[in-house]
Amino acid sequence: MIVVMKKGATSQEIGEVIRRVEQAGYEAHLSQGVERTIIGIIGDGRPLSGDNISLWPGVERALPILKPFKLASRDFHPQDTVVPINGVKIGGQEIVVMAGPCAVESREQIHETAQALKTSGVKILRGGAFKPRTSPYDFQGLGKEGLRLLRQVKEEFDLLVVTEVMSPGDIELVAQYGDILQIGARNMQNFSLLHAVGETRYPILLKRGMSSTIEELLMAAEYILSRGNQRVILCERGIRTFENYTRNTFDISAIPALKSLTHLPVVADPSHATGRWELVAAVARAAVAAGADGLLIEVHPHPEEALSDGAQSLTPERFACLMEELRRVAKAVGRSLSGKGTDAT
Amino acid sequence: MIVVMKKGATSQEIGEVIRRVEQAGYEAHLSQGVERTIIGIIGDGRPLSGDNISLWPGVERALPILKPFKLASRDFHPQDTVVPINGVKIGGQEIVVMAGPCAVESREQIHETAQALKTSGVKILRGGAFKPRTSPYDFQGLGKEGLRLLRQVKEEFDLLVVTEVMSPGDIELVAQYGDILQIGARNMQNFSLLHAVGETRYPILLKRGMSSTIEELLMAAEYILSRGNQRVILCERGIRTFENYTRNTFDISAIPALKSLTHLPVVADPSHATGRWELVAAVARAAVAAGADGLLIEVHPHPEEALSDGAQSLTPERFACLMEELRRVAKAVGRSLSGKGTDAT
Amino acid sequence: MIVVMKKGATSQEIGEVIRRVEQAGYEAHLSQGVERTIIGIIGDGRPLSGDNISLWPGVERALPILKPFKLASRDFHPQDTVVPINGVKIGGQEIVVMAGPCAVESREQIHETAQALKTSGVKILRGGAFKPRTSPYDFQGLGKEGLRLLRQVKEEFDLLVVTEVMSPGDIELVAQYGDILQIGARNMQNFSLLHAVGETRYPILLKRGMSSTIEELLMAAEYILSRGNQRVILCERGIRTFENYTRNTFDISAIPALKSLTHLPVVADPSHATGRWELVAAVARAAVAAGADGLLIEVHPHPEEALSDGAQSLTPERFACLMEELRRVAKAVGRSLSGKGTDAT
Amino acid sequence: MIVVMKKGATSQEIGEVIRRVEQAGYEAHLSQGVERTIIGIIGDGRPLSGDNISLWPGVERALPILKPFKLASRDFHPQDTVVPINGVKIGGQEIVVMAGPCAVESREQIHETAQALKTSGVKILRGGAFKPRTSPYDFQGLGKEGLRLLRQVKEEFDLLVVTEVMSPGDIELVAQYGDILQIGARNMQNFSLLHAVGETRYPILLKRGMSSTIEELLMAAEYILSRGNQRVILCERGIRTFENYTRNTFDISAIPALKSLTHLPVVADPSHATGRWELVAAVARAAVAAGADGLLIEVHPHPEEALSDGAQSLTPERFACLMEELRRVAKAVGRSLSGKGTDAT
């Protein structure tokens, strides 16, 4: 922590800051500049809040020096974390595509989708049973019935399943059916939920909140890691900005930024980012080119009949084309795409 | 819903849109313009999603015409809703100030605060027992012990209490101690929690999410109202923008905008909005001048020792001055401030 | 400037930073912490760029300590600057309302407006002759003819005029007709224009850019002040955010923030901020309650026929009511409203 | 235009809207819904402003149907525009990389850079002589001397030059030295400047304003196109958001969005977007993968001594590596990189 004194701070005020810092068990280093006096706080004493210090007499502001996240930081864990999930590895050389509908709607819909995805080489099926929706009048998901349908196709097609959990009380239920628990963007700072999944050892796909900074995403991961669950996968899915042509603004820079700040795997969701199916392929290719470890893509056999997010869903045919494009881009950046067909390229 | 066809849409595509609209039980009104054909959808059939229609062949976009909220809308409930809470009314002629520390920290702290606030004429004490914090290493609140301390001072000083609930499982516990349940900004779209408080009849203070639009705030209120709980108070507390001099950007226009769109009471939280105690008084006066029905203000007897949000907390002395300023502004806009001393002005 | 070294920076890297800092004519103060080494840079040597230092080996980042503005800063000029303009003072005890149409459209329009405003006690007429418009197909203002019409009513009704200048080449022309030159939000960082008006001694109304921070607004003012023109009035007019119910988001906190950071007068434009006439009065009252030194309000005798910004214009009748409301709020915060009728309150 | 009447609008109000619409020379199509009446306005009469119509009695809002840009729209010009500039084509199959320092600083600096870039196969040199800087105390560019240095290396190395023009009065001067005139982000809505370059026939590189929407960028292009200059190249360079880890947020979706909305070439500037050299390569690869027609990349032989933007500049060595990466990604998306070495891949 660096304490910047106000222009004209008195020597008494400066002395008092030093006294308080030392009283809290720290060393204080004084630097008297031409216009400002600066005091560095050094050591491992009782926690000091910059917020509070900024209120001490004569203090202008207090600047934190250390990053607030530790367990998520690459500084303390230089090598990449790879999350293995029943044979699929997220965070390694292979880029993993997770695809499927926004919501499970019916046996036919999820079966048709799973079959098509399997053919395209997908190993992880996405699909929501519990859906957070802006309006109480919109389709809220099939709930437990949706989970059962997911398990049926999971078993039939030998797929893994990623699905959302919205409430601490549902974790065990969802974990019975799914392989990866998704924390949605709206729940990224639902700390009760973060604590609860941190107590489990299930793989967690943590989506960035729509107005969360990169640092806040890492702090949310820190909640889970600090409870002992190390199997955290981060997901960039677009942030809210003034631009409204797209549903959100996909923060492509967050991918290399996160890869340098943390050891955790980073995947991208171009479907929610753009909200428009015709932009999904370009953003998916971009995410792979920028270093993403995986993708989350919405696919629906009949987007115009989807009960949610139809406008951002690819048909299975368009998705199959995209997979071929992604294979080429992955290869261009020295990686490969998980799934059958990999050898062929 | 209005369907705008693409430039050059064929008559077959137009015919097909009309057919589908009628099949869903609606009437279709055709308007053939110079550059675009437009089709109005009229009636009460099976719900149609604009998202999906935008995917029909030849369609450029589908524009919704109606506001998505009903129960919260002033269109359907023209008169102001007043929420009575054990003798205090929120949403009426009197402006209600809720004040207190960010978090309950100790018996001494909450007692000293409550005593000072009572002297200033405050009737509702705020204070968190469960605290949502960005970092898992920060003070998370005293939990149930905090609730007990709140009840002690509530009884001793005859105050009402507003305090946060973070999880559906805690609602009944929190309601045993508090009079108003606060849903924090980070939980505004925690739909499990909204549903759960909607099933109760406790007064709910719903804070606007830091990146939520006015419409989304009203949709979150709609979740609660649609479950039968009509005692909802909305709170503007600043939104996230590029400006970082303040903690958030207080959206002053949201106050008159909400007052015109909804019948629900609207209060303001200048402390979280600004994050700087020296700006709180100006923004509090502004909120009253703009028509707020109440204020939520952080007061701490020793801000520089606060375990959270010290930088935005007023001392009891500064708060007492602010109360006098607010009385004058309230009077200037034809209202009064709740609490003793009102007669004197 | 504070230099934060990377975790694990070598003593050679630290030594090299010190060497370079001293070579540039500064003193280097070393603070070796538990996890990080910090080096304070002190003195008045050749300018050092934090941007560059952050690239030196072993450096994590370089934090500036001083505010980048000087002439605009209250630190160096504690007392309020009052800008006198032909008998009207902006920045003093009296709050000054500048009102009029977005654009001068015709002799009748500007005459009718001026007459009504005069009756309401307004002393400064606003009106654009050169209009920056998003679309090249929209009305671009009457240009020189508009300036002539402004001068006619200015003389007839003894008003001062504030009008926009968009290009360095137009400054002298506009100054022949207007008393205050407005730099619009889109030109806040048109540095050629800032330099050019800085060379004059005309009063300048500098509007905050729609995505400019408070600090950038002060830096833009610094451009003008550094060329010798001290007559600068700042204007908060709303910033661009994700909220689209209003045209912009009025940053009410910027008013007290600017008043504490700078000695320059600060006025507010609730018309452009909201874009909706029905919200203008509430935001105008709020701005006065928050400490604004003046207001810029759009008034049009027939808003529904306005060639620009009709939706945010008040009719003269509504404006007259607002003036009465503003008088009461001004009085509540210990100030008065400029213009006739002041005595009466 | 679609006019949505208020709930409960009277038949008299509806009749009056129809009368006014017809009086302006349009047809009015009435659709009476269950909750709202809607009136479609059809035809080519005197321009009607939706802003004004929204003020007519009984009207709730007026929704525009047509996009406001015409000349820039792909609807009216389906094939791609290719801008040929002395033998280099922007907007065709080849992706064009423009590289060089933020600012021309000295003969040595620009010479060393040009030599290195030439070796990497670059055909267009970027470099500013007039620099828009946030602070008046920062380096403002060498002005005319900078232009002369650019021409020297341009001739010596047979490069084209792109350089910024900040003021209408400088256009002819800058065009004597540069091949492409850049309009910077801060000037995207400097309409005087847009008009002035629209009157010339020089190629214009138009950068997106930091808080401008995609539509506003296209409207700015429309200003230039409407004056007859068809040689416009658009540039995505990041927008301003709440995320401050990066200098701006690169809007990757804007690339495919622009490519679908307009026929103009679209290039990307990952240097200004990220503000951090270590993120530039990832974002540059992403832009190519997303369909950009070119890139603008800052390269400086000694970034840590740069007079501006050192932190976002690549060294020539890093740039040479990036060029190889870009060649591979370009090939993966079916394109090639302009410049020597293309054949080799």
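Structure notes:
Labels for the chains are A, B, C and D, by order of writing; each one numbers its residues from 1.
Going forward, contacts are C-beta pairs under 8 Å (C-beta built on N, C-alpha and C of every residue); 3 or more make two chains touch, one makes a residue touch a chain.
Being a predicted model, the structure only gives us computed values, none of them experimental.
Seen from the Cα centre of subunit D, the chain whose own Cα centre is farthest off is B.
Two chain pairs, A-D and B-D, are compared here, and A-D has more C-beta pairs in contact (counted per touch definition above). A straight line joining the Cα centres of subunit A and subunit D is 30 Å long. Chain geometry summary: the mean Cα position of subunit C and that of subunit D are 27 Å apart. Averaged Cα coordinates give subunit B a centre that lies 39 Å from the centre of subunit D. Annotation for subunit D: residues touching 2 or more other chains are 211, 240-242, 244.
Residue ranges of subunit D in contact with subunit C, taken from their complex: 49, 51-56, 68, 132-137, 140, 166-169, 186-187, 189-192, 209-211, 216, 219, 222-223, 226, 240, 277, 303-311. Partner subunit C is touched in their complex by these residues of subunit A: 2, 4, 7, 29, 31-36, 38, 40, 42-44, 63, 65-66, 75, 211, 240-242, 244.
The part of subunit B that touches subunit C in the complex is made up of residues 211, 213-215, 239, 241-246, 249-257, 260, 273-274, 278-279, 282-283, 285-291, 325, 328-329, 331-333.
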